[in-house]
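What follows are several structures.
Below, chain A partners chain B and then partners chain C, in two separate complexes.
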Partner chain A sequence: MFPCPVLFLYSRFIRNTMYLDLAEHLGLIFHLLLKKPDSSCVFVVRKDQDIYIQTLRKLFNESHGIFIGLQRSEEEFAGKSRKTQLVQVSKNYRSVIRACMEDMHQAAVSARDPALHSQYSTQVSILSAMELIWNLCEILFVEAAVAGPLLLRLLDWVRLHVCDVDNMVREVLSSENPSKHELFWNLGNTQTLTEMELKWQHWHEECQRYLQDGTFASNSHMESICKILLGDENAILEKKELMTTWYHFLVTRLLYSHPTVKPMELRFYAQSSMDLFLGGESSPEPLDTILMAAFEFELHQVIKECSIALSNWWFVAHLTDLLDHCKLLQSHNLYFGSNMREFLLLEYASGLFSHYSLWQLGVDYFDHCPEYGRVYLELHIERIPLNTEQKALKVLRICEQRQMHEQVRSICKIMAMKALRNNRLGSALSWSIRAKDAAFATLISDRFLKDYCEKGCFSDLDLIDNLGPSMLLSDRLTFLGKYREFHRLYGEKRFSEAAKLLLMLMTAHIAPCSFWMTLLTDALPLLEQKEVIFSAEQTYELMRCLEDLTAGKSDKQKFQDDDVETMKVEMLRLALARNLARVIVKEGTLEGS
Partner chain B sequence: MGAPAALQACPSSLDNRISIWSVGDLGNVGLNGEYQGEPQLLCDIRHNGDVMDMQFLDQERIVVASSTGNVTIFRHHQNNQTLSANQRWEKAHYHVDRDASCGGAACTGVICSNPEIVTVGEDGRINLFRADQKDAVRTIDNADSSTLHAVTFLRTTEILTVNSIGQLKIWDLRQQRNEPSQIFSLTGDRVPLHCVDRHPNQQHIVATGGQDGMLSIWDIRQGTMPVSLLNAHEAEMWEVHFHPSNPDHLFTCSEDGSLWHWDTSTSVSEKPSFLHQGGRSTTYFSHNTINQSVVSAWLSNDPTKDRMEITNLIPNQTLSVNSLDILGPCLVYGTDAEAIYVNRHLFA
Partner chain C sequence: GDWHCTASWKTHSGSVWRVTWAHPEFGQVLASCSFDRTAAVWEEIVGESNDKLRGQSHWVKRTTLVDSRTSVTDVKFAPKHIGLMLATCSADGVVRIYEAPDVMNLSQWSLQHEISCKLSCSCISWNPSSSRAHSPMIAVGSDDNSPNILAKVQIYEYSENTRKYAKAEALMTVTDPVHDIAFAPNLGRSFHILAVATKDVRIFTLKPLRKELTSSGGLTKFEIHIAAQFDNHNSQVWRVSWNITGTVLASSGDDGCVRLWKANYMDNWKCTGILKGNGSPVNGSSQQGIFNASLGSANTSLQNSLNGSSAGRYFFPPLDSPRAGSRWSSHAQLLPPPPLIEHSCDADTANLQYPHPRRRCVSRPLNLLPENEGV
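Presenting the complex of A and B:
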């Protein structure tokens, strides 16, 4: 069933380690069916699902639009314009995360239940972490900022997430020596790296001179600020409480000691910053590990750590897809054949399929997984519960657009059977027409004919009278339509036409053998009419049909035939003989035939 | 306070809600001008089952058709901005065994003409309800052997229904017999019809949309087949609406994610010369003549003479557009991406 047993096991492993979170974040009901040691925990998770999924749905829906736009965007642009395009996509993803964060925050604020409030607040911080990581990846990988702009981006990055602290520092700085800082703050793209370095070097030396001269000796505050400006690590560390995180420390450090840092140098500063900041007191948290992996440009490590820590397929799936479009992931084939991007998209989309309406998004994701997408889609699409006809129609449209004929047939059959059980013969026929299912059309026709034989009249005339070209779908259906026509002709007293039709139904073998008796019995009133309707030839034909019918029965059957049956046959024989006599006379006379 | 815009059907089942949104007036400028006109959620209420169709009964009440077979009237209390369920007809639509837990059949369409409400469903049943009356005024069981997809009023006592074997039927509710007074069907394949709407002024012009995305225009005074068939969408056409005050304009939305605006106002080919003269009497004449040219626009099958402008109003289509509504210059539509779009300058 799965493309590869190892793939299956791997995905199960990932799921097993993240039960709670996965169910929590994606609201997958099926997880509740898996055995959990603490069942009360499951109940709480169940409650979370409904709440969490409400606000996350916006994330799923909007990111789906961005994802599709990215897949469809032509690679006509090369180089810089393509990069700008990809950066814009990345920014779009981030703005969706932020919008969700705001919604979640609003929900947290307005929640009266404290448990609910804490739930929402937790989700807000998770989303915030996601945006933090994504932002860093955008700077380092998508935009691939070079030395110079790199620090500016990192500054914005930190500022965005730790804004108030930085503002304080800036205020202090800007109140003193504004002119000295003008050159520094005006770092723009217009300046080349060398120009910037020279200017910075010059400024740095000036600061150093001021410190050494003891200009700030009288004011310890100013002195420490000057030391900070010079990138003195200890001075900066002293203000640890102002900086909430080691990466804030890192960027601050770089700002004052190495503003023209190159991307590849980041790893060293990052590692030492983390060590210095944490100082052996606390161990790195998952978020720290992820950010560190990013600074080290270990893409696969980042993705792996995110998969484990976040346990939210949404994040890794979309980020990896974007990085893949940046051509940063070599076709790093996982040894079971599928590449990283596809694997993650398949997992994410499979999760969507458990949701009663988000499955529609999943379809598009499968479409963009070239190797296994189709197989996954075929398996998942048949398992969507079809509680209304409209939903079934949507599923069918998806299957038809992808030439998934087997699925079309099977879904139509399910819907037709349901309709048949509910006695909706017209609906059942409509589904068989859609699937061009001749066998089922035959089944429905037999049902109509059975009803006719039992009740003596047709039900659902509006359907049978208006079959149109769909009549040709199956022989039995054609017979039904024609048989009804015979009745109509008889009702309109167009006897000769009716007679001709009746005969044709038997001779052209449109009528099933089981129905011949009924047809011949229908011929009786025509044979008994005052005027002769059947011609000699037609009468001979009818007789032949009758004999074929009776001859076909074995002796045993004849013995089992009750009196009614034998009487019928006798009556027919008599009527046919009488008609033959009359018609021979009629045709023999001068006016005849 | 903006007038409530047409409501959006939510496709999901566990947390379906009926919501009322306010779309601000043109004169209502937001804090910094940016959020002017962004729809604001006023109130919402839980709904059991998928919302299949809904319509305003009057200024305050909305009738909602559910996939569970229930038909509910919700009341919007404007003073405190809340919604409450006012009246409900349980299992108005059901399959064979009404009392079975899953015996309900989806109610697929509802149309109102205060105080009368007509509903149709997957059970092929037509119900006539009256607001504030507990029992149905009239029920036609097995009105259709297939699923009835939509219903609309033709005249005050006559309704139009479309079904899944491509038939358009007229029912006269004054008559006691349970047969349609007229049946129209498509030529060729009996493609299911999903939506129907009647021209606001010319009551004999009817538009239907089919599963193959085809738009059919019918003249119910003559013949049993459509007057024109227009190849439109690439998938099911879910809704078709004539603009209520500007009926030269027609709107259709589809599973293929597009929303088309059909404009026949430009196809008024030749204006009679006396229109250019002034005077009261000519005004009277011109009104009639314009009506006539409008009629011919929809019923004409001479493509060289009358041109129709067709525009797709959605630039980047992805998922299905399930529902739309129009009033004046305002267009509202909802998609399967769980988004509602409002366009308040339709004819700009």
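Presenting the complex of A and C:
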């Protein structure tokens, strides 16, 4: 009946779905750090293992740069130049993915341990899938290729990812009628779509005639090529083993049957291509579902499926942000357009915060989340372990830049407390000053003074000497600063200045009453110099201070005063009296000098 | 980094029920509460440098709070913006709130409030919201076992007028013993989120209504909704705990599992993970590999696995993809889809420079989660 053993979950869970109809995906990766049996109650579970992979560091860092660049890019360009800009951003993201893939591939190749090799290989293929998906999204959504260029782009896309030149195409090019095929490749801007369609139709009919006339009857190979060129699906399917995927099949098919395919027509061909290719034997895999959703221009579906299939938010966060900049999310019929962008960015950035250095990237992502970014940042930044002063200063700078005053105060307070506990008074004081924490500054000043009384010297002189205007933060701090100044003046033998300052500390009530005795005792050496330092008036003041001090004590206190106290008072009275005597004589005889 | 024990000491004369940290602004401070009817406040003392090398730390007791006449079942520090305060609750139903007026002197605590809850208390939670619109608020849970239908969760709020804590709400729908309770961190919301560990996991939202000027001194009235209720543990739920942003809730139960709950931004809560007591995931898959291996494995049935949960079903509407709603559907030209051709094909064996993503993993048989099996 008692509670389960305490489980300490050091986990940053950022996995979830966004949609009403999205069921849960549980392929979560947990990195389990099992402890020794004697401390078997503490298990640390971490969710975002990806951020700890060294080879992915480049991905996170460089994509961060691209992201920031995109946010800051002015929307001064309208229309076509904006689109070009966005396409370039998309290409930049993809090149980062590819660079990462290269690194990962190298790592896989050079890995001796088979488990490690397989791990890296897995990552390579996942990155490859990501690039595949992103590339398709770039074509369909960012560039929004129109009929004509669309097929060209798709061809490039398939080629890039299959790395397997269409053998049939090669054969075609080397065939007897290259000129007939040349125009086929001139699917460029030089011709209008209608012109191109007409030419293609003409060519298509010619091919058909050749086939029917039996021109290729003698060569079954050429015949099947001709059939393929005519877009005969059966013929194309026969060559299935040359094509690795249904989308390769799709593009091939489109190439030979509908090269001027329009974007909105893709979905039909895609669906049937997948059906034909898979032949009802295997069910679509997540990658297939994602690509299909893209061909169907179901943006939200693409993002949703990617969120399920991928284990971290990097991909969907950056892609969605880009699509949002293309203004594609806002017009969707569901009402969470830009909210989704922010949701994904928040999730991604939150994940970064559990990393000892990548958290700095997370800050910038939060900055660009208008609704919840700031509060997320406030909550996360307070939890960053402040192991070193440098880290604390780094965190502080970030907070100060964003006018996060409460966090600044809190962090400084935490650091000040830590320093105080470790008896590093100087550090504690400087943190309090930074926090503008008057109460704490007073407390620490008191400690300094107490230490001085006990040890007879100051610690952290540098700090106190260079307080400057921050001295005014608290009265006690001001006193500390001035008192130290007194000691400095004395050390520099500037006795009359020192004397003046000392007196002022008491008469201006800068010094706390509790400290007056110490101050008066400090006056002793000045009183006993060969030279007369205190003027008559000053001496009277000092005497008055002393009397105030002793008068203030009740009879009981006087009774409790030990001999040392009484002796001190007596000594002071004597010294003051002697000084008075000397100064009267001095002032009496030397007029005005 | 490894975890190792830096201090261990026996002090209470009965079981120690809970420990809690104060905010680091107050230093390294702990509070503990025990069956021995006391609560104690501890401070870490920086020891000799030798100790640091050996990784040992020393804790000294700063104060013992002895006001309770029965077992003290929970102790929690208040949010730092309130000051250095803590609340305790006892088996006899009394909640006590103490304050240390001098944050540098942890030996001086004064009893500021005593609240009688009428039901044996098991847990308390301070509302962490530092918004000026929200007065200090504390939720109290009761594990009273006697057969009654009294509300086992009460909300007390501090009233500026009376300078006292008074009962603002009682969650009437919670009638089973409550083992743990936790307010979520506030993301600048106007309303509060409260998690309750009872025979199931429940998440409530409390929306403050306009403060009514009643004779009890301007207490807030709340509109209470149940945002989620999960019986997946299929047993008593003992602890609930929020993450930093109050977006993920962790719960632990007698089924020996820890479950994680998260809301999408449509405010639908669902389970995002199940862990065994040693932290390993329940479905046992994907232990290795960094990026999720799911791209290569058929996951569709995995997606449905949670639909087996009786309570969760409410939150998982059917998986029909809304194709009709696509903005392109109205523009689609009526091109006839090509005729379907049945064709048997061999497996593809193309060799690629980079392993093709599709070809990487063989789909594994999926272990459906034992959602409805008893533990």
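Just so it is clear, the second predicted complex is superposed on the first by the 408 of 593 C-alpha atoms of A that agree within 3 Å, B and C clash if a C-alpha of one lies under 4 Å from a C-alpha of the other, contacts with A are read in each partner's own complex, and residues count from 1 in each chain.
As a convention for this text, a contact is a pair of C-beta atoms (placed from the backbone, for glycine too) under 8 Å apart; a residue touches a chain by one contact, two chains touch by 3 or more.
The structure presented is a predicted model; accordingly, all values stated were derived computationally and were not measured.
When the two structures are aligned on the shared chain, A:521 is found in touch with neither chain B nor chain C.
Legend: residue contacts after superposition of the two complexes on their common chain; A:121 is shown touching chain C, with no touch to chain B. By the touch criterion stated above, A:423 is placed in contact with chain B and with chain C alike.
Look at A:64: by the touch rule set out above, it reaches chain B but stays clear of chain C.
Of the two partner chains, chain B is the only one that A:394 touches; chain C does not reach it. Shared-chain residue A:469: touches chain B; no touch with chain C. Counting the residues of chain A that each partner touches, chain B and chain C differ, and the larger count belongs to C. The intersection of chain A residues touching chain B with those touching chain C, taken from the two complexes, comprises 50, 422-423. Chain contact summary for the complex, chain A toward chain B: residues 50, 54, 57-58, 61, 64-65, 68-69, 356-357, 360-361, 364, 387-391, 393-394, 397, 401, 422-427, 429-430, 433, 459-460, 462-463, 466-470.
Residue ranges on chain A touching chain C, taken from their complex, read 3-5, 7, 9, 11-13, 15-30, 32, 34-35, 39, 42-45, 49-50, 53, 101, 105, 115, 119, 121-129, 132, 161-164, 233-234, 237, 240-245, 262, 264-265, 267-269, 271-272, 275-277, 279-281, 283, 285-288, 296-298, 301, 308-312, 331-333, 336, 339-340, 343, 350, 372, 375-376, 379-380, 383, 406, 410, 413-414, 417-418, 421-423, 443.
Those residues of chain B that touch chain A in the shared complex are 11-15, 50, 52, 67, 95-96, 105-106, 108, 122-124, 142, 144-147, 163-167, 169, 180, 183, 185-190, 192, 211, 235-236, 255, 316, 318-320, 336-339. Of all the residues in chain C, the ones that touch chain A in their complex are 2-5, 24-28, 44, 46, 80, 104, 130, 179, 185, 187-188, 238-239, 241, 243-245, 248, 250, 252-254, 256, 258, 260, 262-266, 268, 270-275, 277-281, 283, 285-300, 302-307, 316-323, 325-328, 331-333, 335, 337-338, 340-346, 348-350, 352-358, 360-361, 363, 369.
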